[in-house]
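One chain, subunit A, appears in both complexes that follow, with subunit B as partner in the first and subunit C in the second.
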Partner chain A sequence: MAIATQLILNGIIAGAIYALVASGFSLIYSVTKFMHFAHGAVLALGAYLMYSFAVILGLNFWLAILLTLVCSGFAGVVMDQLVYKQLRKRKASGAVLLIASIALMTLITSLILAFWGADVKTVPTVNPVFDFLGARITLTQIIIVVVSVVLLLGLWLLMKKTKLGKAMRAVADNKDVAMTVGINPERIYTYTFIIGSFLAGVAGILIGIEQNLYPQMGLSLVIKGFTGAVIGSLASVPGAVLGSFILGLVENIGIWWLPSGYKDAIAFVLLFIFLLFRPSGLLGVKVREV
Partner chain B sequence: MKQFIALIAFLFLSACVQVEQSESIKIGAVLPLSGWGAYWGSPEQKGIALAVDEIRAQGGKIEVIIEDSKTGAKDAATAGSKLINIDKVQGIISEFAAPSSSISPMSVESRIPVIYDALSKKILSENPYALKVYFDSEKECYVATKYLAQKGYKVIGGVILNLDFSPECKRGMDKTAGENEIAVKYYDFDADTTDFKTIITKMQNDKIESVVFIGYEDHALIFFKQRSDLGFIVPVFTGTSKADTFTDKVISESPKESLEGTITYDQKIREGFVQKMNARHPEITDPDLFAAATGYDEIMYLYRGLSKCSGKSAECVVSAIMSDKDYQSALETEGFGADRVMHLIPSYSTYSKGELIPLEVE
Partner chain C sequence: MAFINYLIHLAILIGIYSILTVSLNLAVGFTGLLNMGHVGFFGIGAYTSALLSLAGFPIWLSILCGGLLAMISGLLLALPTTRLKGDYLALATLGFTFIMGSVARNWTDVTRGALGIPGIPKIVKGNPEFLVIVLIIAAITYFVFWKISKSRFGKTCEAIRDDELAAKMLGKDTFKHKIAALGISAFFAGIGGALFAHYITFIDPSIFGIGDLILLFSMLIVGGLASVKGSAIGTIILFLLPEPLRFIGFPSSILGPMREIIFALILLLILIYRPKGFFGRVDLA
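Our next item is the complex of A and B:
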């Protein structure tokens, strides 16, 4: 086996997983301007819903995926309408919205624990293994990498080439000015949460198949996704995806020489370095104060 | 005057009730009812319930107050504090090293005996009122490494969960390495590890010939799956028991080629207890029986020790438990030794063509 190739592939697969999380997280942040940490809860919910539809209820695999994605998008809308919108009406600050998102994260994790139990779950699939330049990669891992890139392209096209994307960018730039040209910010936020939560559902499905399902999975993944987004740029989906791949590679190459218990430490050291020296991220634009 | 007599009578009766209630032995149980350890805590409750029913059926007075440690030190500490300071328990049972470690200082300060169930012996050296149940990490890792060395494997990898017992396991493996002139390399991981690919890649690079795996069910699920994906099929000997690691879920959900030849061990349970549990809980499985038997024995030993030492010191209770050779435990053991450990007797097996076959291991 080509060890170096396998190591890089391991890093790319990890990075793709983080990118799946970071893309939706970054999209929501770029439009709504607050950190929706409950994005991790939607991801976990997506994974557990997939498990319920495909394993417990025994539905057709593709039908299970479709239902999961619909439910995930719906979950995002419910969160926005019931919690965030009410806080926005009261002119709540970004900090308050952040606290609310952490509270939602905790609530949904507890509900997952209560409903599905604490024991680890797996989604059984047929998962052939392929040789690639002397390394080994499974079909699920290939799909994760391909989907993360496709999602990136899809989101880019959405934001650049569609009317909705232009409206989202307008609201992200200046909500008040966007209103003057007839854009309804609340409607844009709803669409943002639908799309972002749909992406969380995709992430939950793929990660649930690749790894185990456990109630706290959303929290640990959203932290990694957040870290990747900070490295690349919190307000830029391409940046968040790039940062996530960098994180995945640095972690896996790092634990080649260090004990694997240092994996999270490597991630947080990288986070601190970027927060200190490049807080706007690799693809972020530095804004000079005049 | 009548009111005064009624008041005196009421106070007298209340005092009588208090005295009668205080004769009931109160034991606190800090169990992992949620979190990753719930697979152990939930069935253990059934064993505890059986013990309580049997004690009461024989006229004994016992109350067991159960709190959820959520398999974590912080919640265990909160639970332990409540049991000691509010519920005024006379003894505590606790599960897993981290939660038990957080209760141990309270046990020392309050002079309350605690029986804990974990691989690590570290608490015993810090707490004179602690007794330990469960396998011995150092011994089991020594046995596993020695077995593999005797089979001719010269480079053995220790894939070890970073918890209290991991230094003890490494001591056992290093001891075998010294005796058998083999190389042992360690690959530590944390409890929240969900990806073993790079660890496995490192082992392939290091030409590891066999593995001693120390981890729990969720880690085993990922490890066996990913080693199959990466084509790293070398013999594995689990340094943690079947109930923890090589569970029925791991066996049913992992790629079969990855499981072939895996060696694990389990604890023998007395047939009488098995029959009693099956009668109450027909659905109970073998791994759950182990947890139930552990809970049952912990309550029985603690109750018997507290009964012999009513009103006396924690030292008396510990001594009474260690010298209690009349009680026939649900777990097949010889009781507590002078080291305050109830050594379990493992029975080894190997996975072959879909079954676990008994294996003789020295």
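Our next item is the complex of A and C:
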């Protein structure tokens, strides 16, 4: 019984992490209509910046977090301006933007590798363990779940209630119509990248504290976040969050039967099945290009 | 003498990678299928041939089996995925590459997992002799794909890329053509992978990595889509470009990432400023 509780708890923790990645990813996808794979690289960059500010430079913990989040948002905007905007100008297809984003992903991963080296790094923290219905959960894991729920609620409120959120949804829905009512899509894209990359930065900080840092960490996480988004619905943030929790639970409960090394394989198989049979995801309505 | 050995080594790698790029072009450039599973086929060929030859199979039979198994996986992958378009096809095939990597890491009884497979037999003892073999196979590949590009099959593939509906209305079985294109392309990727395994004599799951994917797409797009000549030249250009770094004296821990940075930058620049590459006849759509 304790094992079952532990697996479900692990599933929820993993789901919260994937949801943080997936929400930013699907926010950017829904507004800009392309898959920003380098989102994972922003996350890894966030984790390494946090490590540099807090451990190497020894800055105050909260100041380090603030600097990391600012840098993450900035990194997202720079990518958009230098690469994606140029491609949009010549009306490049989603496929071209996807390849560009994978190139950006390897570019940043290699830069991290060159600057910080290949060895695994850890952010030392005090991390007491609590008992929850016979299962173990650490303080950072509780923080991860709480922060992710709070941020996702905040994102939901932003999208529903604020003028910016409404403009973002308008561009997501129909860019040309949004332009006729005076919304500048390029400006909305910039805000979208700031918010999405901020979420990636938060995910990077939390994951960096909870797990170890290695240069390729962004790739495996963005694949998980992306898979969660496809399961729920790529084009809707609540869908992406739902899908992420499903993915976290399925992966962790799946290792009841399979060796734990197959966790990733479970995710890929789910991704494959959904891409083939329900590319619009559980919550999606429109079936795109079949 | 060391310099000549280095040139031979470089030429062998260029030969092997040109097989990959030329064959990838059939799927991506000619047929318009954004296939990111090529690295997966490459790895399947490498693992199959390595394992079979270590189990005592004749080396050439192992290499052929590597190509055939890659082709079968290509056909199986194509059956459900070719109805997807653009970025969705790209992701499904990318997912395939990741699944293969995961299998290589976890099916430890067969693949030895992350430890990799050492001691893969060489085809011939010396590198110059091996270079001749690679060049012959690369020339055959080049010739086959040049023939395909001129054939009725190749023209139909291009018609499917430009307007699938129109091709269908002219009575072409577009489904069969797409599957065949992916299968043929996968076969040569598998052969390339097998040659790579028998040259390096060691493989591990990192062969399914995303770095090689970026390298392949850089070579493909720099050379140009739907141009067999372009793919061969793109491969040569991209392999030679980062080589001067070696003589500047960077440590190898920096050299690896530097190469990847250069490949990624070139790919980004070419996508932004010259999406047709040098000899490309079409844009990536």
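FYI, the second predicted complex is superposed on the first by the 284 of 290 C-alpha atoms of A that agree within 3 Å, B and C clash if a C-alpha of one lies under 4 Å from a C-alpha of the other, contacts with A are read in each partner's own complex, and residues count from 1 in each chain.
Basically, contacts are C-beta pairs under 8 Å (C-beta built on N, C-alpha and C of every residue); 3 or more make two chains touch, one makes a residue touch a chain.
The model shown is predicted, which means the values in this text are computed figures rather than measured ones.
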- Query: Quick one: subunit B and subunit C on subunit A, clash or fit?
  - Reply: clash
- Report for A:Asn174: first if it touches subunit B alone, second if subunit C alone, otherwise both or neither. neither
- Task: Using the touch definition from the top, say if A:Asn184 reaches subunit B (first), subunit C (second), both or neither.
- Result: neither
- Check whether A:Thr106 is in contact with subunit B, with subunit C, with both or with neither, and answer first, second, both or neither. second
- Message: For A:Asn60 in the superposed arrangement: first (subunit B), second (subunit C), both or neither?
- Response: neither
- Task: Would you sort A:Pro279 into first (subunit B), second (subunit C), both or neither based on which partner it touches?
- Result: second
- Message: So in the superposed three-chain picture, is A:Gly261 touching just subunit B, just subunit C, both, or none of them (first/second/both/neither)?
- Response: both
- Could you say whether A:Leu271 touches subunit B, subunit C, both of them, or neither, answering first, second, both or neither? second
- Is A:Thr122 in contact with subunit B, with subunit C, with both, or with neither (first, second, both, neither)? first
- Message: Contacts for A:Ile3 in the overlay, against subunit B (first) and subunit C (second): which applies, first, second, both or neither?
- Response: first
- Item | Per-residue contact with subunit A, leading partner among subunit C and subunit B | C
- Task: Superposing the two structures on chain A, identify the stretch of subunit C from 22-30, 112-120 or 220-228 that clashes with subunit B.
- Result: 112-120
- Note on the structure: Check: subunit A residues flagged as touching subunit B and also subunit C 113, 117-118, 259, 261, 264
- Query: Of all residues in subunit C, which touch subunit A in the complex?
  - Reply: 34, 80-81, 83-88, 90-92, 95-96, 98-99, 102-103, 105-106, 113, 210-211, 213-214, 217-218, 221, 253-254, 256-258, 260-261, 263-265, 267-268, 271-272, 275, 284-285
- Note on the structure: subunit B partner, complex, touching residues on subunit A are 1, 3, 6-7, 10, 13-14, 113, 117-120, 122, 124, 127, 129, 136, 138, 211-212, 214, 216-217, 220, 252, 255-256, 259-261, 263-264
- Query: Considering the complex alone, what residue numbers of subunit A touch subunit C?
  - Reply: 34-35, 83, 86-87, 90, 92-96, 98-100, 102-107, 109-111, 113-114, 117-118, 219, 223, 226, 230, 259, 261-262, 264-265, 268-269, 271-272, 275-276, 279, 288-290
- Message: Taking the touch rule as given, give the residues of subunit B at its contact with subunit A in the complex, in rising order.
- Response: 34-36, 38-39, 162, 186-190, 192-195, 197-199, 201-202, 204-205, 217-218, 221-222, 229-231, 249, 253
